[in-house]
Structure formats: structure tokens, C-alpha cells
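Here you go, one structure.
Each chain gets a letter, A, B, C and D, in the order it is written, and its residues are counted from 1.
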Amino acid sequence: MEIEIATIGGYEEVGRQMTAVRAGNDIVIFDMGLNLSKVLIHDNIQTEGMHSLDLIDMGAIPDDRVMSDLDGEVRAIVPTHGHLDHIGAISKLAHRYDAPVVATPFTLELVKGEVEDEQKFSFDNDLIEMDAGETMQIGDHGLELEFVNVTHSIVQAINPVLHTPEGAIVYGLDKRMDHTPVIGAPIDMKRFREIGREGNGVLCYIEDCTNANKQGRTPSENVAREHLRDTLYSMEDYTGGIVATTFSSHIARVKSLVEFAREIGRQPILLGRSMDHYSGTAQQVGIDFPSDVPMFGYRQAIDQTFERIMNDGKGNFLPVVTGHQGEPRAMLTRMARGETNYELDDGDKVVFSARVIPEPTNEGQRYQAEKLLGMQGARVYSDVHVSGHLCQEGHYEMLDALQPQHVIPAHQDLNGFSGYVDLASDQGYALGRDLHVTSNGNIMQLV
Amino acid sequence: MEIEIATIGGYEEVGRQMTAVRAGNDIVIFDMGLNLSKVLIHDNIQTEGMHSLDLIDMGAIPDDRVMSDLDGEVRAIVPTHGHLDHIGAISKLAHRYDAPVVATPFTLELVKGEVEDEQKFSFDNDLIEMDAGETMQIGDHGLELEFVNVTHSIVQAINPVLHTPEGAIVYGLDKRMDHTPVIGAPIDMKRFREIGREGNGVLCYIEDCTNANKQGRTPSENVAREHLRDTLYSMEDYTGGIVATTFSSHIARVKSLVEFAREIGRQPILLGRSMDHYSGTAQQVGIDFPSDVPMFGYRQAIDQTFERIMNDGKGNFLPVVTGHQGEPRAMLTRMARGETNYELDDGDKVVFSARVIPEPTNEGQRYQAEKLLGMQGARVYSDVHVSGHLCQEGHYEMLDALQPQHVIPAHQDLNGFSGYVDLASDQGYALGRDLHVTSNGNIMQLV
Amino acid sequence: MEIEIATIGGYEEVGRQMTAVRAGNDIVIFDMGLNLSKVLIHDNIQTEGMHSLDLIDMGAIPDDRVMSDLDGEVRAIVPTHGHLDHIGAISKLAHRYDAPVVATPFTLELVKGEVEDEQKFSFDNDLIEMDAGETMQIGDHGLELEFVNVTHSIVQAINPVLHTPEGAIVYGLDKRMDHTPVIGAPIDMKRFREIGREGNGVLCYIEDCTNANKQGRTPSENVAREHLRDTLYSMEDYTGGIVATTFSSHIARVKSLVEFAREIGRQPILLGRSMDHYSGTAQQVGIDFPSDVPMFGYRQAIDQTFERIMNDGKGNFLPVVTGHQGEPRAMLTRMARGETNYELDDGDKVVFSARVIPEPTNEGQRYQAEKLLGMQGARVYSDVHVSGHLCQEGHYEMLDALQPQHVIPAHQDLNGFSGYVDLASDQGYALGRDLHVTSNGNIMQLV
Amino acid sequence: MEIEIATIGGYEEVGRQMTAVRAGNDIVIFDMGLNLSKVLIHDNIQTEGMHSLDLIDMGAIPDDRVMSDLDGEVRAIVPTHGHLDHIGAISKLAHRYDAPVVATPFTLELVKGEVEDEQKFSFDNDLIEMDAGETMQIGDHGLELEFVNVTHSIVQAINPVLHTPEGAIVYGLDKRMDHTPVIGAPIDMKRFREIGREGNGVLCYIEDCTNANKQGRTPSENVAREHLRDTLYSMEDYTGGIVATTFSSHIARVKSLVEFAREIGRQPILLGRSMDHYSGTAQQVGIDFPSDVPMFGYRQAIDQTFERIMNDGKGNFLPVVTGHQGEPRAMLTRMARGETNYELDDGDKVVFSARVIPEPTNEGQRYQAEKLLGMQGARVYSDVHVSGHLCQEGHYEMLDALQPQHVIPAHQDLNGFSGYVDLASDQGYALGRDLHVTSNGNIMQLV
């Protein structure tokens, strides 16, 4: 059976991930993501009403025109998890394919949100829920799609595996190797090791190279949780304002914030559109997340909440807000500019349970936000965080578990791949033979 | 009563700390340390036989000749904890003063080790044990010395407080603010807050500025412990060699390494002269440290141990060795060069539960050590560590607790003080008024 | 005669410089500057109409209320050169003093521009021109003000020296040690050496510490000129668009750009408000600057110019524009966004004859500007530049020349002073004795 | 005609360059270099007596065993210039090939020095001199080898071009684009542009990616010369010791040092083995280099010279010595340690006309050297230097001139290639199509 892999997007950047695997006549697409930074560099662009071709020209979504060179039928569109760089182009591109979107419940719910906001294209693909550990048949020639449970900075992430007669194709985006992930099950390394040894083994492994230049091992979410616990408990005696911010989609982290807020005697309140969106979705699909935490996404409700907080006393609350990157229009930045009713006083604490995404634009905005917070007397606690992506020792362990015949680094640019290539070369792979550094828009024939 | 503070050493560097406080006719000396980097930059210098004046000229030990300008009697020499930059000059300088060395048991035992190695000067000062929470009378004019329990990267660290009629002098070197320190009691913030409010309050606070340019809060040792646990448990299934290294004097960290080694089914063995020295001392003075962990400091015993490990199977052991900075003659570097019987194989793990002290010499040596380890196939896990020193939010909390009239930054150079000066200025202190950036060899009259 | 120095502004930052020297009953003020970054962090603030007290509260201009503690008469306000951090508060503060502004012609002309834009306060201080090498009497008690020629990134910079019976006060802001400065005379080191040795020598030297943490020697403007020549000549055969940007006030650099543009067969055109302002002022006061270079500051004229350039062919022109820091509203950024008629094509060259001022806000904006330029195909040449401030070896030479009794580092924060303090300490000065690290608002009595 | 390119060494590192091009039955080898860092990481290794296979195992020299997969006759071994990473393996590998070494006179003379020191292998390949601009016939099937003049940090560097019926193979290592190179002719861009347009154009271009991650344009050697002139002239009035160091092989830089030393009234003396070797060789082959500058390579002569300098007065001399990277056994480091007769005094100047090669080992050693110099009072002037390698705009210009069908980045690791791949991709090349990121030991069939 012929096997081809089309590396459509996310092979020269972090963002707009899209990969298609053809096995015989059947095709599965993994991820359809958005590169948000390509949108934000322009002033005042609203993507909801834009045509996909314009977004392709901007480099914002994958250029899927290469799909016409793949000779087969698309059987499924499989987003691995709910981050925008993996689902953000579904609303723009999925309608072109007569295939269902297959994903875990939380991811699927977030996909629904995306397509509901879309103004330009209509979307009527089927939506199929599938949990980690489950499989589905693809086409009629012996292909099977399996979801292996992985751990990431968002819940219900999976690595899809396409089992073919020639061996398994393991699509390894995005994950860290977490054995104590706070929410959900640990990464299923046992299953990866089985896949590496059963049948024809692994034909090809596509790897998440986000942190491939970082030595060592990404700590578990539990380490971040202990760090966060230590941070918030150190403020236990403080009677003024405490505010926290983190990635809205990072449900496990938000959960930890909510729990520790309560443990130190404060009521957590989630504020901001995306806070409300992701945490609300988590509650809706039955994630192990506190059901009774108040959350508000709209301006008026937020204003009223801040008023109530100021009236009742800041010391009784712990608002968890958007703005961890210093985004100019996010809640925390507005608080820092004095544009909300929440008044920061000398000694008030602001906890960034996130790190700055290392890019000068973010660094500049975050610097401004912290400066403005400091001008109001706030004390800043940064980097109470661990990454959601594998570092080098995770890559080493995955290669050891899967023993793939071919390896394709993804989810970075060439600079970002370099640490992975060094590591894989040390393990016996070679560029130009079985280690494939590629670019967007290529098709690789493996069998 | 006249109060003078002589800032003798460690006010332009990290290292060779020494401060004298005169209250009326009575003088107490805090710390007498060694700046090891000033020794190591020269080839093949042995300090044991050297005269103190030569070491002073090299900048290796404090220039205590300024003591002759202090008009009073030295009543006590008080090392705050057992690190060399706080006790390393006692063997060279203490004999000049007719005063006892007063310290916690573990610190005192380490002082004994220092003076036993000394070849040039004899030492017959009294040694007085005093625990955190205890006090002793100094002279006959109402002075009292108190030890307040603090938390640092070595056990039994204290902050000495000299109570005078004019207010308390709090000598704040070295500490972090740790509420879950793995070994020993949490930092005694309650007592600091009391001292800040009782009597005349705090006349002067001398602060550990090691991390004063770092934002946020130093995490608890417990966070490092969870990180270490996560790291070692991730290797649970590995059957080859695992080696760890950390600061020999960091008893809590060594303890965690010992415990987790056992939990993942390996026998911990401590190897290297200083490993043996510090851990042995900890056992001797009754620190909460496993009594049955084997440790070897001498070459022959180490060689035999490595032989036994290789015979029994590396998978049964976890050697904890010296060499976390890549020091050319330390155990780990020798292992990396293949100079020991311990053979590293592809995939063997080396855990650095330490970070590189950020100075190009260390960075170069550590880089070499890691390169050599990598050439043998070893996998390196770095930075499983948290600092033992306060960051900015700890400084903020200390100022808030003590409300001192005068503040003196210490344990850094001017660049290192800058973050502290900014912070203290924001809290209302002013350079040239009550915030004293000074240098080695100055005497400041506070009353 | 009593000598006091009030360090009013610019002793905790780069920006809002102001220092007053009292000798007996007579006071001279050196510089009255603006810290622009304290204005820009707020959205949409127009300083022209603001009250000085509000600007003081923002940290934007010096808090000169400490002047009331100086017992004497202000005889002169002496801006050293025309940069905003030295003259930008004259329009807000000078009217409070019954004293003339004394400056070199170019600086004085720029001061006039400042006070003309002012909307809140009226200004009727006398304006007195004085050239480098000239002196004037101050008061009636033997004081003399002298201007020593120095070299900086703006023309007609001087170091004012106040000669008193107790020795000279040398105000050393801002300069580099340039013996081949492209425009104007080399730095007058001979005169500095004389001042260091005549009469009572130098009582106090206030030093420009901008680059005090940088090793070595700041190269001459001639080195930047050769670098620029090399850069532009390498484009000699290119027939498309070439655009350059630099500090508008850097007349020598603009002159080099103009000359090399012509040498490679292109017509230079200066575009942007501040380009027009500074270069126009330079022509007006007779600086050695090409008299026939077209320059346009207003939108309409700029638009017409761009249209003409596009019609005649970009290859015939070299626009020199504002925007070297990626400022969002500057000309180059607007060109990068496609908001002007000048169309950038693949391969067009953009020369930044400037470096990014190292602060995250600038770095973020500059990054964005370069990204946008790159999206249009432009090729970017950065850092064709040398600094206008002394590095460490310049500081060493100044101390050697002047042999001052007292030294005060200025024009930085404490972190920025640290390299200077190390250097001065190596030369025998000591903090707390004759090396004075101070802060804004202090008064120091030297005699 | 079949064309294959074997990328033998230097495709994963800077060092041990070696590339073979087969056209039909004829093979030309470009470069045979040594990766010195792979030798130095081991203690006390002498390569002169080592077997090539051991050096291959260490990664020190190219693994040329892949040559047996190339079906043809080696007709020439062509080192591009005299740096060790290009000629340092000739003594170990060339004897296996029945082919002459073809190089420019200076390069050839350095090759002779290499093979004379060799102890393990004998060498009897022919040596053929060929100058830039000249050509020679290769085999009997229409191949021609041409040397195009380029500019680098060593004199007489060329880019060899193999003209084949299928187009030209341009081997582009190592160069910068220098139009005013101090010694020798400017880079021959005119010829590159011709080659790009004549016949079948350029089939393949192999590019020097050393600086491919650096923006802008590498300045001319003339800019370094002006910087050096400015530096040394600023010391014109100093009467004590001035010492300079630079790359020994950088003849143009040494020449500038010699000339400026004389211009400021000092006698230049070159000291150290490699100083003597390279400059002596330059004189020997008639490079435009002062014929009368004294140079000494052996210990005894150097000791006598230092004695004479100290007797006659340091102020009359300017020793140019080895040790720009702080190498522990180099002359400058020995001077810094006080191991020579040359006594450094307070204020003496040390000029590093070189930059630290950015690798932690070098950085550590250089830091130590500077610390030791500082402890003796010396003033350090660093980074009076420009690189010898193209930055991005040079790469852009080369692509524009040559318009190659295929491009192969070389002389870096994958991280180092990343900037080049981005640039080439922007110019329309694509990974996996005509832009070939490869690794050591691969063979690529182009036709």
C-alpha cells in the first residue's frame, strides 16, 4: 500500500498545523490550525469574515491546495486538541472536504465554538466524538485510527495513530510526558511502547519540536501546581488584592488557581471572554473542574463584578483574568491602565502563571503591562509555570518507545528543529535518509 | 549608646562575608568568609598554609584591619550558616579576637572541620552552640544576641539579631522565605514581625541581595523536591545507570535524592570528599537525614565502590557525586572523562540538581563536562533546583515585616544591589539617607 | 566658600537630567531634561499643555522643588546639548528662575523650538549664546563658567565647567572621546588635562555613565562613517529603492548619509517632522551641513515627495526618514505598513544607522517594523552605528585627565552605575568617601 | 554527464570541511579540514602521531570512507584557503588519493607546513600553485577548475568553481563580500555574475553559512582597520605598555597593527609560534606585508625579546602576541599570569583585535585571561574586529549573482543553517526540492 505524507502547515513555524496522510486511497487530515501572530501583526483585522485564500496569502492558515496532489478520499479531519494553532482553520477549510471532524469531546466542543463564529463559510461536516483509547475504522482497506492519551497544557489532548498494513503513522503533536497531570490520565506510554513493537512497528513518527532545543525533561503539571501552591500560600496573610492570570485554555492550571484561592480563603472569579469560554466549555463537557466557580465574559458583567469586589473588599476575592502576555486589550492590561473599577493598591499581588512567549512583540507588551502594574504599586510574580511541550529527554524517550522507521520534526522552524535533529542523529537517524526536515507544502512518499 | 557598623567584606562581591556591629563598647562579628573564586583563578594555590595577609591581598578573605578603628571589645564571632563564604576565613582570622564562635550545632561542626585543616594559624577560641530561638547576653550593657530561624540551601541557618537599647540590628544573610523546607522548621516570619514592632523596632537591617535582581518569589525547597521526584520517577523503568549531583552542603536536597533513589528501587551512595564531609556531619549532629546511606570520601573506597556497582549492575544504584559545576577535578567530571571504573553507556541518565553559578569560568567548565558526558552517550537533566536566596518579593516581605530605620544591602556587587535599591526606594527609602550602599572596609555610624 | 551639589534628576535613570551647583551665594543649573519614556507609556498624552507638577508626578521631568533648599541665586541655566533629556523640561521649569539660558548656538536654537511649542507656561528668560572655549563670569565672587568642547551624537555639545575658588566643578554629560568627529572639533582633552592640573584642580566631576558597563572604547564617529560608506557603496549597483533612517538629531550621521547617497548617484531627501526640524536648525545656525538637501516635515509635502520619487524612479533617490526605533507613527513604520505612496519591492534596501535602545518596548516595536518591512521584500541592514557615549576606557581617561577629588556618576540607574563604580574603585576612589552614588533630590555638601 | 556531490565533512559543524564533486568519471575534492575543538576537549592529545581512523572516530577529521561510493578518479584536492578547518586533515587523508593539491601560493605554503609536522603518514602528492583568476583542466571530458578571487580573514582565499557541461559547481567557502580588503584584490563579484549567466549557469552553489543567522552585511576589513586605527591613535600619548593580539593567520589585521604601531611611534614585534609561522609565510610568498617586522616563535628568543623590551622601555614597543581567545598556554595568557618577563603595569593597554568565538569553553578561558590582566592593572580593549564571513545580505547578493539551480548550505550545524534556509526560501528555493540541508557522509545526485 502506498503511503504518502503531506506536510501542509506548521513545518516552518509554530502555528497553522496541518498534515495529511494518504494510505492507499484513504486520507486522514491531522489538525487545521491558525497562526495568530500573522493576523495580529496587521492592525484591526477580523478573520471571521475573511476568505481562506486571503488568510493563506497572509500565512495565517495552511495552504491546503497541495491536497489536490494527493490521490485519494479524505475520510476524517482529526484535531488533536483544542488550541487555535490546531483547530483555528477548521472553520475556513473543513467545508471543502466531505469528511467528519473526529475529536475528543472537549476539543470537539471548542471546534463548535469556532465554526459558530465563522461568517464567511458554512460548515456542515459531521462531528464525531472519540475518546482516548478508542479506535475507528478508516475506509475499507484495513486502516484504523486510534487515539492515544497524551498530556498537554489543555485537557483531552490525544495523539492520533493511523494503523496501516505498512506500519503505524504516529502523529505526535502536542504533548509533554506527564505522569501526574492534575486533570485526566497520565500519558499512555505503555500503549506507545506496544505500538512500537506490534505488527510492522511504526512507519513514521511526526514529532512536536516546540522545545526541542531545551535540555532535560519538561516537569509535570504537578510541579507547576506545587509552585503555584507555594506562591499563593505565601500570600495567605495578605489582606489586599490578589489577581492571577494564565492561559485561558489551560484548564488544569485554572483549576489549581481556583482551588488554592479557596484554600487561602478567597473566592475565585474567572473574568474575560476566553476565560469564560474555555472554563465554561470544560464544565459543559464534564471535565473534573469545579462546577460552582463564577465566570464572566462580557463587559457589563465584568464591570459589575469588579464593583462588587471593591465593595465587599478585595481581600475576599481572587480574580483570574486574561492578559498573561500583556495583550493590550486583555483584562489585566486594562486593570493596569486603571480602566476598570478594580483599584490596585501598594502591595497588591499579581501572579502570572504563564511565561512570556519568547518573541519581541510579546516581550514588549508584557514589559509595558508589568511597568503599568508597578506604577500602581502592584507586586509581580512571574513564571509560575511549566511548559506543555516535551523537552529533549521526552523526545529521547518517545524515540526509544516507538522505534520509528521514519521521523519528521514538526511544530517549529528550522532553528527550532535543530536540537531534535542533533538528538535523532545521535540515535542513529540521518538527514536525507530517515530523518526528514521538510517544509510546508511538501509531499513525501514513504512506501 | 553609639552604634557603628563596619562592613568589612562581602559588600562588593558574593563571598568573604564579614560585618562587625559595635554597640557601646561591645562588638559582635557576623560571618568570616572566603571568596573561593579569588583562590581558584590562580593555579595550584593551597590556602591551608597561607598567611592571612596574602589571602587579604588576593581578595580571598575579608580585610579585617579596619577592626582597629572600632573602639570596643569583640564579644562573639557569629557565623550564620556553614557555607564557606561565611565560615571559610575563621581559621585565618578568628585567632586575633578573644571571643567565642557562637553558632548552631551543624554550623559549629563545620567550623571545627575548617580549623582542623588549618596549617598556618592555631585556633583556641571557645565554641558555643546556640539554637534558633535562643538568645545570649552580650557584654554587660543590655545587649542580647538572638538567633531567628531562617531557611536556606543548608540546614540550621539562622539570622542573628543584636538587640540594643537603640533598636535591633538584624543581620539578614543568607536565606529564602521557605514555609515547607523539607528539613527543619519554616522561616520564623512571626518572630521577624514581632522584632519589627517591639521596643524601638529595627534600627538596621542588613539584607542578602544575591537574587535582588530577580523578580518574584524564590520557590520553597519543597518545589525543588517535587521537581526532583518527578524527574527521578520518570526514570523508574530505566535499567541502566543513573547518576546525580548537587551541592554537597545542601543536606535537604541530598536527602531528597537519597529518598527518591530508594523509592525507584536503587541504592543511593554518596561519593566524593565534600559529599562525605557534609552529609557525615549532618548525621553526626542529628539532622533528620537517613542514617544508613553509604558515603565515601577517599579515592580508594570510591574506586572499590565503583567496582562493586559495575559488578552488581549499575541499575541497582544511584551514585550521588560531586561535580555539579563541572569542576575539572570533581567526581562527575572524572566519570565523564572515563577516569573511573564507572562506565557510562548510551542512555544513562545524569541529573544536575543544581544550576550553573552564572560566571563564564563555571559555564565553560560545566559545558565541557556535559560535552564529555554526551560523548559517552549520557542523557543530561539540568537545573532540577531552586535557589536558596530571596528574590524581590521576599525582600519586599522582609521590609514589610521589619520596618527597619536603616537598610544595608549586602552579599552582592553594586550591579547586584541595583534591584534591591529600586525596590527599597519604591518603599520610601532613599540612598544617602537611610538606604546605605557601601563598600568593603567602611564604618557607618547609625547612632 | 561653601559648595553644594543638588542632584535633581537623571541620577536614577537616563532622562530628565538636572543638576544644580551652589558656590557661595551663586547657583548654576546644568540641564533640564525630559524622560520621554515616562510620557509614552501612557496612551495619547500631550505634554505641551500639561502642568509641570503633573509631569513631575509622572517622573517625566525633574522634581526641582529641592531647589528651595539651596540657599542662593540662580545665575544661569546651562543645557549641555540639544537632546530632549537635557533640554526637554526647560519649557516647563525655566520660567521659575530669573536666570538666562546659556548654551551653544545650535543647542539654543533647539531650546527656542521647545519653548515655542509650549502651551501652558510662558518663557521670558534671556538666551545667551556661548561657544566652546569661551567663558563667562557668574555672580560677583570669582566664579567663572567655561564651555569645554566635547564630542557627542549631536553637534555643538559642550561640558560646562564652573571654576570656583575651591576648584573646578566639571559637569561631564554627555560625550564620547572622539578625535575625528566628522563635524566640528575633536574633544578638547588638552583643556581637560589643564583643568585637572591648574589651581586647586577639580573639586568634583559628574560623569555620563550611559555606557559604564561596556568594556573598551567607544569608536569615533569616523568609524561609523566608514561603516556607513562601506554599506552604501555595497549597494552602488542596485537600481531599486534604498531607504535609510537614523536619529534625526544626529547631524553628523545625517550628513554622512547625504554625502554617500550622492556619491552612489542618488538624491538624498530628508523626510519626517524631526528630520526636518533638526537638519533645518543645523543649516540655520551654520553647521557644516549640506545646504542644498531637500527636507520635508509636513504630511502633504512628504506625500508629494513620495509621489515624485515613484514617478521619477526610486533608483534615483535615497530618502532618509524617521523611525529607527520602529516607532508606530514614524515615517519608516508607515512605509512598512504600506501607508505611504512609496512602494517597497523585493530586494529594496533599508539601512538602520542606529541601534535599538535596549528596552523591551523599543525592541518589540522595532521587531514589528522589521517584520513588516520583510513582508514587503525589503532587505534590512541594522546597527550601522556607534554610540555617542563614553565606554569604560573613556571613563578611565577622563579620571586620569581630571584627577577629581570627588566623583558623581550620573545619567543611569544604579545598575548602570555599577561598571563605573568598579572602575573608579580600581582607581582608588571609595563609595561613601569620594565616590558618590546618589539619587534624585539629594543635596551634597562638598566644601 | 552524471554529477554527484558528497558532503563529507563540515555539514554538521564549523570545522573539518570536505566535499567531493564527481562529474562523470572525474572527482575533485574541496578542502580537507580539522575540527580543532574535538581535539582540545581531550587532555594532552598530540594529533601529529595519530592515525586518521582515530581522528575520524573523535570527529576531528572528515570521515572520507564515503569516497569509496563515488565511482571515479580523484583529479585534484583543492583547499580554498589556509585555515586549519580547511587544510588541517590533508596530512592525514591526502596520501590516500593519487591527486595533486592545487591551491594559491600562500595556502600551499601553509599546507607544506602541515605535512612537514606530520609524523604518522608520509605525503607525496604533487603541489600545484594556481592563482585567483586562473583555470586548469580536470580530466579529459571537458571539466575545468577555476579560482575566483574572494575576500576572507586570511589572504589568497579563493572560491573554486568546477565547470561541467551541466553547469558550474561553485564551492563558496569561506568568504565575506569585501570591496576594500586592505590586502589583495576585492571580491570578484563581476566574475560571479558572469558565471551565473554564461552557459548552463550554476548547477549548484555550496554556501558558507557561518554567519547565516546574522542580519545585515559583514563590514569590510577596511572598517576594522579604521576601528583599529581609532583605537591605537587614542593611545598615542600613553607612555607605558601596549600589547595587541589577533588571529595569527589574519595577515591583513596583523599588517594594520604593525603599521599603526609605527605610526604612533612604537616598534611592532610579533611573538608566539603561530604569529611567527603565518606572518613569516606571508613574507616568504611575497604578500604585501612589511618585510622588516621582527617576529619570534621560540621560547628563548621570546624571552630575550621581552627582556629587551623591559630594558629599552615598554613605551617603545607594541608586541603583537597570540592568545586572543584566552587560550591557557598562549603568550598573552602567560603574560597575564606573570609568567613572562614583560611586566604589566596599571594603565597598560591590551587590545583584542578579535572577538571571542561564541562557545562556553572559549568564553570561560577568555574571561579568565581578562580577569588576570585586570588584576595586573591592564586596561582591555575588546572586539576591535569584523568577521571574515558573509552575513545575510551577502548571501542574498550571492544568490542574486549566481542564480544557482541547487543550493547546499555548509560550514555550520542545522541551527546555523536556519537563517540561510529562511533567506533562500524567501528567494523561492524549497527544502526537499532545490535547497539541500544535508549531513556529513551523504551523496547527492544532481544530474
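We adopt the following convention: contacts are C-beta pairs under 8 Å (C-beta built on N, C-alpha and C of every residue); 3 or more make two chains touch, one makes a residue touch a chain.
These figures come from a predicted structure and were not determined experimentally.
Trainee: Mind listing the chains that sit against chain B and also against chain C?
Mentor: Output, common partners of chain B and chain C: A, D.
Trainee: Any idea whether A-B or A-D has more C-beta pairs in contact?
Mentor: Of A-B and A-D, more C-beta pairs in contact link A-B.
Trainee: Quick one: chain A and chain B, Cα centre-to-centre, how many Å?
Mentor: Centre separation, chain A to chain B: 41 Å.
Trainee: Measuring centre to centre with CA averages, how many angstrom lie between chain B and chain D?
Mentor: That gives a centre separation of 47 Å.
Trainee: Go ahead and note the Å separation of the Cα centroids belonging to chain A and chain D.
Mentor: About 46 Å separates the centre of chain A from that of chain D.
Trainee: Indicate the residues of chain B shared as contacts by at least two other chains.
Mentor: none
Trainee: So in the complex, the part of chain C that touches chain B is made up of which residues?
Mentor: Residues 12, 213, 413-415, 417-419, 421-422, 425, 430-433, 436-439, 441-442, 444 of chain C touch chain B in their complex.
Trainee: Could you list, by residue number, the parts of chain B that touch chain D in their complex?
Mentor: For chain B paired with chain D, touching residues are 41, 43, 337, 359-368, 371-372, 375.
Trainee: Quick one: which bits of chain B touch chain A in the complex? Just the residue numbers, please.
Mentor: 177, 179-180, 215-217, 219-220, 222-223, 226-227, 230-231, 233-234, 347, 374, 379-384, 393, 396-397, 400, 426
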